[in-house]
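Chain naming follows the written order as A, B, C, D and E, and within any one chain the residues start at number 1.
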Amino acid sequence: MLYREAGDFKTSYQEDSQTFPIAFDRYRYWAVLAFAFLVVPFVINDYWANAILVPFLIYAIAAIGLNILTGYCGQVSLGTGGFMAVGAYACYKLMTSFPDVSIVIHIILSGGITAAVGAAFGLPSLRIKGFYLAVATLAAQFFLVWLFNKVSWFYNYSASGQINAPERTVFGVPVTGPNTEAWAQYLICLVFVTACAIIARNLTRGSLGRTWMSIRDMDIAAEIIGVNPLKAKLTAFAVSSFFIGIAGALFFAVYLGAVEVGEAFGIQKSFLVLFMIIIGGLGSIFGSFAGAAFLVVLPVVLKLIGVDLLGWPTDLVAHFQLVIVGALIMFFLIKEPHGLAQLWRLAKEKLRLWPFPY
Amino acid sequence: ELVIPDLSYRTGPYAAGGTPFSDGYQDYFNMLNARDGGIGGESIRILECETGYNTEKGVECYEATKGEGALIYQPLSTGITYQLIPKATADGIPIHTMGYGRTSAANGEVFNWVFNYPANYWDAASVMVNYLLEENSGDLSGKKIALIYHNSAYGKEPIRTLEELSAMHGFEFTQLAVDHPGQEQKSQWLQIRRERPDYVLMWGWGVMNQVAVQEAANIGFPMENFIGNWWAGAEHDVTPAGAAANGYKSLNMNRIDANLPVFDDIRTLVHDAGNAAGDGSNMGSVLYTRGMYAAMLAAEAIAKAQEIHGVSAVTPAMVRDGMEALEITDARMEELGMARVGPAFSVSCQNHGGSGLGIVQQWDATAGNWVALTDYIAPDMSVIQPLVAEDSAAFAAEAGIEPGCL
Amino acid sequence: MSADFLYGIEVIINGLMAGVLYALVALGFVLIFKASGIFNYAQGVMALFAALTLVGIMEGEVPFSHLINAVFGTDIHHFGWEVPALLAILLTLVVMIFFAWAVQHFVFRHLVGQEPIILFMATIGLAYFLEGVGDLMWGSDIKTLALGLPQGGSLWVEDMTSGLGGDDFYGFFIDKLDMVATVVAIVLVTGLILFAQYTKQGRAMRAVADDHQAALSVGISLNFIWVLVWSLAGLVALVAGVMWGAKSGVQFSLSLIALKALPVLMLGGFTSIPGAIVGGLIIGVGEKLFEYMIGPMVGGATENWFAYVLALIFLVFRPQGLFGEKIIERV
Amino acid sequence: MLDDKPVETLLEVNNIEVIYNHVILVLKGVSLTVPKGGITALLGGNGAGKTTTLKAISNLLHSERGEVTKGAITYRGEPVQDLSPEALVKRGVVQVMEGRHCFEHLTIEENLLTGAYTRSDGGAAVQADLEMVYNYFPRLRERRKSQAGYTSGGEQQMCAIGRALMSRPETILLDEPSMGLAPQLVEEIFGIVKSLNENEGVSFLLAEQNTNVALRFAHRGYILESGRVVMEGPAAELRENPDVKEFYLGLSDEGRKSFRDVRSYRRRKRWLA
Amino acid sequence: MKDMLTPYVTEDGRQIGETLMDMRNITLRFGGVEAIKDISFNIQEGEIRAIIGPNGAGKSSMLNVISGFYNPQEGEVWFRGKKRPPMKPFQVARLGIARTFQNIALFEGMSVLDNVMTGRLNHMNAGLFSQALWKGRAEREETENREAVERVIDFLEIQAIRKTPVGRLPYGLKKRVELARALAAEPKLLLLDEPMAGMNVEEKEDMSRFILDVNDEFGTTIALIEHDMGVVMDLSDRVIVMDYGRKIGDGTPDEVRNNQEVIDAYLGVAHD
């Protein structure tokens, strides 16, 4: 038997509601964490960090954030790019205004500021639902980008409107700026991802999470049985934006180092993160990771195969990349509309029954 | 072996501009390989990487190619340039941002690894105004000049300069922002129609250019008073508007000439050998020529580096030295088979920006080509120098850089 | 009348015309949404694809030539013939119908009964796919649409009206292309409204939107209805592609016009064909007026976000848009 | 009642197995036949698989990620498993789904008209049938201009049945028609079923919880338990079966018990446990 | 007609208390449709009150008025002796009114356990930080409420499906889960909209037993809509009959059963 829960008894409700009720899952989780913290930093290089791991980790945070709003609370948002921009610009302003305060605090504060902005933009969700809301969140997207582009205070009046991350250190090791080592960059992102994932998991398995999910599944019924929709939606917007703000801050400060708002936080970003959670699985923390990994790694892999292996012209490969990514998205949705996470769950369910088919 | 990455964009909204540039860039190096066996006997290996004009892909491309020993980066996007300035500086690889990117990088004491010769945006703005001064017998006072610009870092570049110049020459300066992508410009052009500026300058890119040219024609704005910068002056910017685009002007930093001897070499040695970078249809166009010109400047810098350091297999640091010691003369250009494609200029530690010269060209819709109207016009350095000094000083302060030469 | 006032009117007229162009894109969305509850993100790319195909056919380009050349080392580009515009339009429609069939057959047939967001996601996949295919098929350079549509300000209107104001008023500016677009849009919308409201297929289309399963159970062929609406959406996409392509050349950015249509949809209601037009007009006028009056004070380029904010404000009062079907909330 | 009618088999379900989501096995070999001109009742508790059986027949499982993995379904001797639902409707098999499923945004009348979608016998015939439906359900006539989404549960149920009638079906698969209907309406609807059956020769396959009524009107019955047919026979016989009496009709030897008194915490008895 | 306002004792000896809910002259309109026309009635503490009537009579609308989902155009709602101002549904729920729905309204994406736990949301108020860290109050509350929920689960005998996603459950079990969710809130007043629709006799018997036990053991007041006359007559203490938005009868089951108007409008034939 590959996968079993028989004999894995719970004797208390605490144990029953823990994150990984099945022992096997728990061991695997610890193993992954140990590998990520204890092995990867020693073998990582610039390419792996900048092209794959750091963007993956940052997008995973953003995806967790959006998943809380969309996957758990059912409010489709296309404002992710704008909210990431809030995180980034908040972080920039904090970094340049209070150079002596730790960057970690700046990043967390950026999340907090984004949470406030997100909650404000969440207000219309009380009236507006479904795709109408999704399109309405685009107002946030476009307005925020315009704002950061127009008001020069946000970019400290620099001539071009670009913001640059100055060097900041954690325990004396630079984590932003040009002199950052790959492992430091990776580790700070990893720490944030881990913390965010744990917090997200805690929130979603508790009463707040149930409030969100009840709004998602049937908002009217939820209200009638006693869920305050205002509170539920606004907390979802705020918590979601908190994560997205952190992702935006890391994206700017740790990953790119310099950012132009329209370029880095345009509408494409909103869509990208939405793809991640849908492909990964709505309402699943694991899915957020899976989706982020999928969409960060897939283009790189396709490029490697097309350009380096087959030696095709880069533009052909790029066009094929679009075709393949598009086709894969459709294929996955047809095979399993509930995303990679569901695929994984079904696989587990099969393993559990293995070797019997049903 | 000399490794030269080509961060191209043949896809996405700006593909029409990225493709010919990249074709020219690669074809020139391939031609050198075929004709001279590379540079200084060292063969050239091009690493093309598609960025789609997207910053993140740009970073991926940078990381993917730098490990291969990349000697010089031509990021070809303002966004990617800003990403790469700190990274490449830390990694010790020179960046050449030709007529784009961060203007104040012209100050080589602050930006040791970044070069933006032969000219930058502020030069461009000044060249335009100088051209208009010439047209108006040296007096622009009381004239109305409007700037229509892409609402991004790129588009906002000339504003400071133009403001200074407006104060200096007494013309009235108005700005009109157009949001990305720029397909809908009715408001801006109606405003132009109402206010009837004497001249409209444009800092556009991508579809914005095509629409602007069309809209200008629609409102009957006199095309000869409409001048784009050098990223708004390629063939594809005007052809969609057809005959209506006739007379539209733009700057160029590279003169075009379909009969350059260098094209013969490229045609016989590269295209006929089946090694053309694209489909071979872009040769001689504005951006193809610019890409080729960029490649030539890189090749010259590498040759210079080989000369300075006396080795053929140069390192990125050596190439940087070569770039800083670069000297382009008319004679040398002629020798390379691209006479007068670019102006003569030389680079120094203090000046990474070249001479800042540009020409004004005009579109002839019936013949379907650009006609150079002027010789190279010089910018007003007395305006630009202080701006560069100010901006680079601000950056140095923010990033904690101690200005100085390497 | 003062020139300022007249220019205000001019802004409104042009806003209305711009609105018609937005509405042309929005219509495609509405059709598909109405019939299948699918929020078709690919509508913009469909417009691009249709326009690319039209130009490609007209100019006798060999489809996939770049790919063929790369794989087989050949050097082919053109068939060497040119196809007359009308024939090319018909052929493009055939391609769009085939596309509709393929979309239905390979994708949405397998997604019957899924949640709206899943369907939405699938259309995003479709958008990627189609964009890639369009690029592979016809190349990514800018193409010129030579359909001979009239363009440029109408001098006649200008002459007729220039006397209205003082010396500062130069007459109204109205683009001839916009006038054409208006006529086309009116014809399209009228046709589509009649179709949806009064024909059997139209009723079936609305039924399908409400409940796939129930529609199946009464014997409505989802496949047929969907191929039908996707074909109609393809037609609308072609019209939108032609109108917008005439302004800017046919190129990648054409797919981004979808973004101009979204606020229109929101405001007009996702399910209402007349709503698309009215929404388009309101958005067109609203954003142009705002840019005209307030824009200069805040630095301009407000149109993108203002359209959305305007729509948002409307929605707060009418959550289903102006003409959208009332969201039925019952327990 | 009509147990001795000459039987021509219309629909035959042979030993089918249905799996949802590739893992959940719901039907484990169900066989049944629906004779022409008969009313066949499919009875059984919650989750027994009645709805699933009906959906398997009308080919609506597909969109719920369910599939028939074994067995065969034939209609008039032809296999129909691979037919699309609309092809089945054209052949005269139409399903009224459990839980109403009206088209919310269409008016009642438009709902009814969509029922005639597959017909090609002209507007007049459709109008006539519309009239017929209104005659059977006068309440619908009153509300014909209202959006179905705003009508009450019972009205929606009538609308769904009326809609099915509009296709002039030969066989109707009726899933829980009595659910949520007022008692006299239940009687009425079954009365309509019966008269359709007798006057127009429509055959019915009827999934019902309301065993009492169903067995009163049906000719034959099948009892389903956890995906298996556990009992079948003429309705009259089933009605007399003591187990059926106890578990499905709520009758004990002393006659009907008050719901208040059924507090003996009786354990379920199952044929196949 | 029997319209009691004073406490009384039922035949089987249960004590019925003061008026808990008093609806006074309620009128509810949707555009032109008058769904409820000037109806008054009351519900007394501890009783089982049934609402019956033909389809479309306005029964569900009446429950919706009670639970605050619809605001009547006219009339007053009195709860526990106080006039209730217009409220949002979730505020009504906090007063101790829980309900089930005619078309099951479970949260399909959640497990049975989570569904029932949502019923207890009003008993949980740990702060955001406590929940984020899963420490202190949040953790404690989770356990306490889980225990309460487990009692309900045991009571309704749905232990076996605790972890199943409700989407997969058959209809009857869904109804039971919905009841569990309502019970978990420990309501004063429980509103049931056709709790036995779509059930067979055996299941109805089970459901009846649950309803009676809830009423008996927890003293919960119950108002229920049901079309099965057997159930209504057997379970309820008093019955209101509605037709076309009007009240046409109100009284004990026996009184109602013999009311000619009720027979004409609803029962069809005298029911036994």
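Going forward, a contact is a pair of C-beta atoms (placed from the backbone, for glycine too) under 8 Å apart; a residue touches a chain by one contact, two chains touch by 3 or more.
Just so it is clear, the model here is predicted, and its values are computed rather than measured.
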item: Neighbouring chains shared between chain A and chain B, ordered by label; value: C
item: Intersection of contact partners for chain B and chain D; value: A, C
item: Relative to chain C, chain with the most remote C-alpha centre; value: E
item: Mean-CA-position distance for chain C and chain A (Å); value: 32
item: Whole-Å gap between the CA centroids of chain D and chain E; value: 29
item: Approximate Å spacing (C-alpha centroids) for the pair chain C, chain E; value: 50
item: Geometric centre distance via CA averages, chain E-chain B, whole Å; value: 74
item: Residues within chain D bordering two or more other chains; value: 24, 150
item: Where chain C touches two or more other chains at once, by residue number; value: 66, 135, 140, 299, 301, 304, 330-331
item: Overlap residues in chain B, where contacts from two or more other chains coincide; value: 10-11, 15, 19, 151, 179
item: Chain A residues within the chain C interface of the complex; value: 70, 76, 124, 127-132, 134-136, 138-139, 141-143, 145-146, 150, 220-221, 224, 267, 271, 274-275, 278-279, 282, 312-313, 315-316, 319-330, 333-334, 337-338
item: Touching residues on chain A, where the partner in the complex is chain B; value: 45-47, 50-51, 55, 96, 146, 149, 156, 158-162, 164, 166-167, 177-179, 255-260, 262-264, 266, 299-300, 303, 307, 313-315, 317-319, 322
item: Touch list for chain E against partner chain D, complex; value: 12, 30, 33, 52-57, 60, 102-103, 168-173, 194, 197-205, 208-209, 212, 227-231, 234-235, 266-269, 271
item: Chain C-facing residues of chain D, complex; value: 58, 60, 62-64, 84-86, 88-90, 94-97, 101-106, 110-111, 113-115, 117-118, 147, 149-150, 160, 163-164, 166-167
item: Parts of chain A lying in touch with chain E, wherever the complex brings them together; value: 12-14, 16-17, 199, 202-203, 206-208, 210-211, 213-214, 216-218, 220-229, 235, 239, 283
